[in-house]
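Shared between the two complexes below is chain A, which has chain B as its partner in the first and chain C in the second.
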Partner chain A sequence: MKNFIIALLAVGFLAGMSSCVKEKFTAPPVTNTDPDLTANATIAQLKALYTTNVPVQITQDYIISAVVVGDDRSGNLYKSLAIEDASGGITLSIVGSDLYTTMPIGRRLFIKCKNLYVVQYSGMFQLVAYVNGDGTFGGIPTSTETQYIFPGKRGIPVTPIVTSLASITSPNVALQSELIELDNVEFSSIDKNQRYADPVNLISVSHMLEDCTPNRDDVAVYTSGYANFAGSRTPSGNGKVLCIYGVYNGATQLTIRDTTDLFLTGPSCH
Partner chain B sequence: MKKLSIIFIAFVLLGGLSSCVKEKLDSPPANGTDPNIPVNYTVRALKARYVGAGFEITQDQVISAIVVGDDKSGNLYKQLAIEDSTAGIMLMIDASGLYNMYPIGTRLFIKLKGMYVGQKKGLLQLGAYLNADGSVGGLLSSKTSSFIFPGKWGINVAPIVTTIYNLNGNYNALQSELIELDNVEFAAGSKNVPYATGYGITLKDCSGNTVIVYTAAGYATFANSLSPSGNGKFICIAGVYNGPQLTIRDTTDIFLTGADCGAQAGLTIAQLRNQYAGSPIVLPSGTAISGVVISDNANGNTPGNTMFLQDATGGMQIHFTGAHPFALNSNVTVNLGGDSLINFNGGLVVSSVAVGNAAPNGGSLTATPHTATVAQINANSSAWESTLVQITNTSIGGGSNTYGGSHTVNDGTGSATLLTLPGANFASQLYPTNSANLTSILQQNSGVQLVIRNPAIDVH
Partner chain C sequence: MKKILSILFCAFSLATFAQTATVKGLVKDELSQKILDTAIATLVGTDFKANTNADGVFVITGVPYGQYTIEIKEGGHASYSQVIQVNQPQVVVGSVGLKISEAVVEREDARDKAVIEDVPTVTITDVEAKDLGDVNIGSAIGATTDVFISVTSFVQSEARFRVRGYNFGQTEAFMNGLPVNDLFTGNGLTGTWAGLTNITHNRDITIGIGANDNSFGGVGGTYSLNTSASAQREGLNVSYGVADRNFRNRIMATYSTGVLKSGWAVTASFTRRWADHGYVPGTFMDAYSYHFSVDKHFAGNKHVLSFTAYGAPTIEGVAVASTAEAYGLAGSNYYNSGWGYQNGVMRSANIRNNFQPQFILSHQWKINARSTLNTAVGFAFGKNSRTGLVYTNSPNPRPDYYKYMPSYLTDTVQQALAEQSWRENVSQRQINWDNFYEVNRNNYTLVPNAQGIPTLINSSLYVQFKSVSDQKRFNVNSVYNNSITDYLNFQAGLRYQLETSENYYQIADLLGGKYFVDVNQYAQLAYPDSANAAQNNLNTPNRLCTVGDKFQYDYITVQHNFTAWAQPQFHFKHVDFFVAAELKFTSFWRNGLFRNGLFPDSSYGKSPMQNFINYAVKGGVTYKIDGKNFLYANGAYFTKAPLIGDAYISAQTREQVAPGLGNSQVYSGEAGYMYKTSNIKLRASFFATQFNNQTQTISFYNDDLATFVNYTLTNLNTRHLGGELAFDAKVYKGFGVSAVATYAQSIYTDRALATVTNDNSAAVIESGQTVYWKNYNVGGAPQLAATVGVSYHSPQAWYVDLYFNYYGNNYASLNPARFTTQAVTNLDPSSALWQQIIAQEKLPNAFTMDLFAGYTWLMNNQFAKMKKYKYYLVFGLNVTNMNNNRNFITSGYEQYNFDFKTRNLAYYPNRYVYAYGANYLFTVSFRMN
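Entry: the complex of A and B
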């Protein structure tokens, strides 16, 4: 633990040093430095606080440092961001739109977690600002956002976690809200060349993504009717998929950030 | 006939209930020894407990089941099809090369406590844990020895003989069992294509019932082999993937070498006769012939269950399972699939045809007889067997002076037997003593035998 803290301090120090390096800005100029904060907790630690299946308020002065791996640019994520650190991922719930303008994919966020809540929505861990008496909860209002969220550097590359459909058929808590990569997959026969969702009636749709094993492992790819690509059609080829790993009521559910996450251009294995 | 169907259905049901795993007596005896683990449960009982949701088995229950499908060819993957005398289930093990430890024919004793039953696209699975989608995760190979205890090996399991029609109606009951389908073939578009084509290729019978055969590209060793184009026997694992789906263990289970349905439908009678090569054959489903009825069921000189059918190429004697309703000169198609083409007293007969397999094509026709001398008839008795022959200016003699019984026909070129059954309604009529023109059916019944339909039309 002591070593860990030293390592963290070292990382913080290095980060601080590097923040001195000037980087080119495109207009409008934006800051590209990390705030003067040091992470002292991990997302895994936040999740570990949730032990009794009821929302838990964070009473510790925890600060996490996580990178945005999924934003709301396409509209497929809404009022939320998928963020991850080395320990895992979580959904950051914010009551606001166009979050991607200030917190796009690749931006590091330092979050002061004290007084926020760790909750689960249909099995999915979220970081929220308040919990209502009836058990519902609300995201961080934009009015108080700056008390909790301190955006840092942009353009941080995130390497997806390469996994397989067989490995994620069962929910994996550690993978939640993380960017994953699946290879040699394709949409199931009835889910090829289908609209991702229904943009007219704003209805969300799931399509099954499957692998090429004899058992044809498969999981659902969920797309919101509000996504700007909802009316586009799913590819019919085979290849790589990047997506945010999630669960919904016990079942694995994947969310693509945009159609550019799909590299299904190879020949189908069927 | 109805009774017969009911009896047949009852047999099928009983067959389904017992669906015994038969160990062939003529096969080499099984090797190895079974562990001393009392068996107190059946696969069928285990399957019955699955009602819409996966579950953990918490009781000290033990099944004994034989591996009928392993992963040797790669077409089953991380799973084994196992069955006991009651049912089959897919055993999920998270490892490859399972056939080394659990090859086809190995009896497994499985301690179920702590294992799970779930379902994937309708296929029931037995394994280590439940996945979120209701399917079952495989036992880790480090855990198999806690649950799976292999016993004797080399046990020969006879497949359950069924039909595509029956399978489509009972695929849940038959799933993960070894089954045999007879008289089947790949459908048009599924012949001569790689087994791993699309989402499966279509197997069909000649009645048009179909089922999907799925082979995974890149896994089965025979994935790129071409599917055969013939008709015959097909042994496989009855699988389920949103409906029935067959899994080939290996191509050695496939015997599709016979003439296909297309070749059998619209067969001429001569083509049918040519299929007989000296020993009885069961005709592939789809086999059908059409022609004109040349026997006369109204006058009793042909047994009520017998029909002689003639087309431009030849004639055929057909024995139905009961009296048939088709009158002389009816235009008829008879489906002969599954029936036997046999040599009966020297003549070719298709035997045991259900009356329902014959259907009128409408209208009536008249067959053209071979006009010939008795010598020519005797010389062509094989080619003209079961067709009409007409003899000009022949004498009839011998025996009594009525038609009933055996008489001799002689036109000066040779002689032949004219036979009239005692039950024929003209048996007591006098036959002409002067020479006559005689039309009759040429029958082979331990020698040439001429049989008239009735004197009014055949004797002038």
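Entry: the complex of A and C
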């Protein structure tokens, strides 16, 4: 009897000691697919809804498919992404930071646009979530983002639209929020070797980019004080520049995504 | 084990009459050797009887010569009887060791088990973990005989009640004579023996500043465990428990030989508690514990050498406190934001992993009949860690981060959508592990390689880290005790303690990425011209870390101290008094292992030593009106060195200490009345304690700054005032009632001074900033706690105890930042916002009911073959919070983050921890002895 009890207890005890609490996890599978959605509208169609210079709500069940061409990785774009499809570009406004982690450059986004608004901010088209009574508006909140934005494939090649600096000195609506390439340009002499912005006091700064023509056409390159390269210095050479085309109150305003968008290594042309 | 009846004949010298005699004796608990002052000695068949006095001595006078049977009884112990011959004026029965009755042992077992394992571990928040300090400590103290101590520790622990409002570091803890307080935090290392409830019955707990034979004690008292093999009940005990707490299953096995004729005693005990899913969703537990002890008695017990080894390797997924909004939207006060699905499987982000094995060698030396010298030497080592999520250049992974909450939104349509999503989508309110993997796999960063050439590296943005504290402790403690005369006994002790603690972050899981880059880019922003500001360790710049690598910070603290104390105690007929003094030398320093880019000259290597000399004195008087009524009063004054964990303003980055770092002072007084008979015990007392010049360092993660912000508070003064009542009565044949109540007030008595730093900046952001919280409550524990218990203990070996508990005056702990001028600048003092910023939330009062029941079945009666041993099956049931009060907030706290720009209090609302609803533990034990 005694031995039987002890054997029984021993077996039970050992069983208890060896049963396992599972704390091993398998990594989720690698995926790179589009959601099961089909685009039925274009960015140009959205922009076309904006006819009366006041925010307009999208009432149709529009779904667009656009690729991120500018993200907030460096912090120079903030709470927004530049997205484009074949018809053009628009700024997607999202109230959140580090959007690039889930919506980086080259990722296709499917956006269910119904109930979102098309607005203009200082002349720039934006897709936003709501408009306040006073006419101000707000981007898509992080907490409702998954109801509008459906990220798809990553790694879609992003090709810049090659253009000339002279052709963009005056605002060009068609290029808004698109990635453009300018060749044979450099910073104006007083803007060379300057800090992009003021990271200590968090003040944004514009530097003039000019071409090699005798009349030195120029446009502003705007950098946020929050950009992680704000404290770095502008290059002095001449060459190629990639940037997001934008306008600000009637003037062209270019935004680089990071310093790697500048290929200004050649000799100055002046 | 055979009865141990150690008869020590004492020399009493009283005049007696020729034909009658005096019969006297001393009654003790057999195991603990504590005196029993509520026993009754009766000469069977006569009216002669006497109660034991406060010293455990009974005296029966005027006994005619003859032969008698003397019977000694005490509630909770098996009665003892012996035939005596009264044939001389003075008959000394001697020292009688009473065995605790089986039923009581089982009840105490059930209580212990309820206590120690019922402690829900809750993370304050993953990012504020450093402040966790004393959240769940008080409850780890187990039950003992004083009803106040037992109720406060095993019933009121559910409310995180803290005796006198002190943190647990104010109590000196001992294991087999070895001091076991962590010198870094001051707290008792109760977690190192968690789960070993079978062998931790023998404890000696004192509350307050009365005399203690084994140490000078802290202002909170002492807590001593004796787990040596000789102190364990002989026999085998195997049990299985099922519960719905932080564990679901528990098995325990203990075997003790008792003291063998050869002088050896051995005990071994193992426990495992585990749960795949604990009471709170997303929690789990896998906790082992072991204890092994061997004793050898030499030269007729003159020397006892004892070796003890124990440890409790524990892994536990813990819950995270959340806000009222999140609990409301999730539809449960047990919502836990600390877990999420990975590949469809629940995974916790907050995992505690503790294992610090302890080894103790102790020597008890009975020098002679009156004096003893007990010495313990101990070594312990091991790691405590907890995991969390590091996120760099990526969104906050906490699902209940304020920017993700519906209340953050201003647009009503979006708000409604967010609320709906929070209610309906588990994924919205839990951690998104799959997303971390996807983000990390796709993130590439330019990092300079060994040649300085920027190279594209697959680096993780989200990392599960371990915050590790790797400690080594060496302790020596020696206590000398001499009963010089019947009127005077004397204790003195020497102690040396050495503790090293290496603290660092370690990569636990890269979550799909290949490396983690050990730089702090945010530090670079403020120092654009510095080549080094971003480097967490200049000795290994831009290091690519993989799993197991240390990162962010790494430093060692070393402390050693030397203590000497002495205490004479005087015992007279009506008056006992004692005085005690302690002297202590402490020194500590920091040894940085990383050279931080912001502090290249003050982060690496050995810092200057900090030295402190402290003393403490105390004394007390007990006036024994008669054998039943006592009055007592004690007073104490301590100076205390600051704790290492509080001394450095940002220990993780630099060696700078708090401005004017110095000793704190503690003034404490207590006085009370006791009434004791064998059936009724009553204690009513008052206490008042003032802590002055304390130093405390709080670190928390600030999302806007993306770094730790550190508040070092000096001139931190608090006062704890209150009254305590304990009542315990045996009403009628096994029926008993008890009542325990504390009504106290713990407040800040002065404005503190804050030194504020953040780990992204070399600057001291605020120096000597005034914290205007004078007269606010010290939060975190109920200041009113009352319990009424009724019990029935049947002679048929079953019992039921029922407790009714009421808790009140619990306040949210404060965020010092909200009590600065900075927080209310330009606000009108009469404005609602001003008032809200400085208002301290009072948490709701709560009522609970607890049940303890048990039955012991002696199997021998059923099975004739069982002869050699006694076999028992013991059933125990504990139901806590029987009334299923699921709205009982046990602690609430103001978040340390405060938005100075908007002052929007909705961004960082208070966080709460709720007591479990009705929960149970049912155990079946098999015992053989």
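As a convention for this text, the second predicted complex is superposed on the first by the 239 of 270 C-alpha atoms of A that agree within 3 Å, B and C clash if a C-alpha of one lies under 4 Å from a C-alpha of the other, contacts with A are read in each partner's own complex, and residues count from 1 in each chain.
One rule holds in what follows: contacts are C-beta pairs under 8 Å (C-beta built on N, C-alpha and C of every residue); 3 or more make two chains touch, one makes a residue touch a chain.
Note that the coordinates shown come from a computational prediction; the quantities given were computed from them, not determined experimentally.
Student: Kindly classify A:V200 by the partners it touches after superposition: chain B alone (first), chain C alone (second), both, or neither?
Tutor: In the superposition, A:V200 contacts chain C only.
Student: By residue count, which of the two partners contacts chain A more extensively, chain B or chain C?
Tutor: Tallying touched residues of chain A, the top partner is C.
Student: Have a look at where A:V247 lands relative to chain B and chain C in the superposition and call it first, second, both or neither.
Tutor: After superposing on A, A:V247 lies in contact with chain B but is clear of chain C.
Student: Applying the touch criterion given at the start, work out whether A:T213 contacts chain B, chain C, both or neither, answering first, second, both or neither.
Tutor: first
Student: Using the superposition on chain A described above, determine whether A:S170 touches chain B (first), chain C (second), both, or neither.
Tutor: Once the two structures are laid over each other on A, A:S170 reaches chain B alone.
Student: A:T142 contacts which: chain B (first), chain C (second), both, neither?
Tutor: In the superposition, A:T142 contacts chain C only.
Student: Mind pulling up the chain A residues that touch chain C in the complex?
Tutor: Within the complex, chain A contacts chain C at residues 1-2, 5-6, 9, 12-13, 16-17, 19, 21-23, 25-31, 73, 95-98, 101-102, 104, 115, 129-130, 132, 138, 141-144, 146-147, 154, 195, 199-200, 228, 230-232.
Student: Give every residue of chain B touching chain A within the complex, in rising order.
Tutor: 74-79, 120, 129-133, 135, 137, 196, 198-199, 214, 216-220, 241, 247
Student: Write out the stretch or stretches of chain C touching chain A in their complex.
Tutor: 236, 238, 240, 249, 251, 253, 270, 272, 274-276, 284-286, 288, 315, 342-343, 345, 347, 351, 393-395, 403-406, 408-411, 413-414, 417-418, 421-422, 428, 433-435, 437-439, 441-443, 461, 512, 521, 524-526, 528-529, 863, 865-866, 868-869, 871, 926, 928
Student: Which residues, counting only chain A, touch chain B once they are in their complex?
Tutor: The contact residues of chain A facing chain B are 169-171, 189, 212-216, 218-219, 247, 250-252, 269-270.
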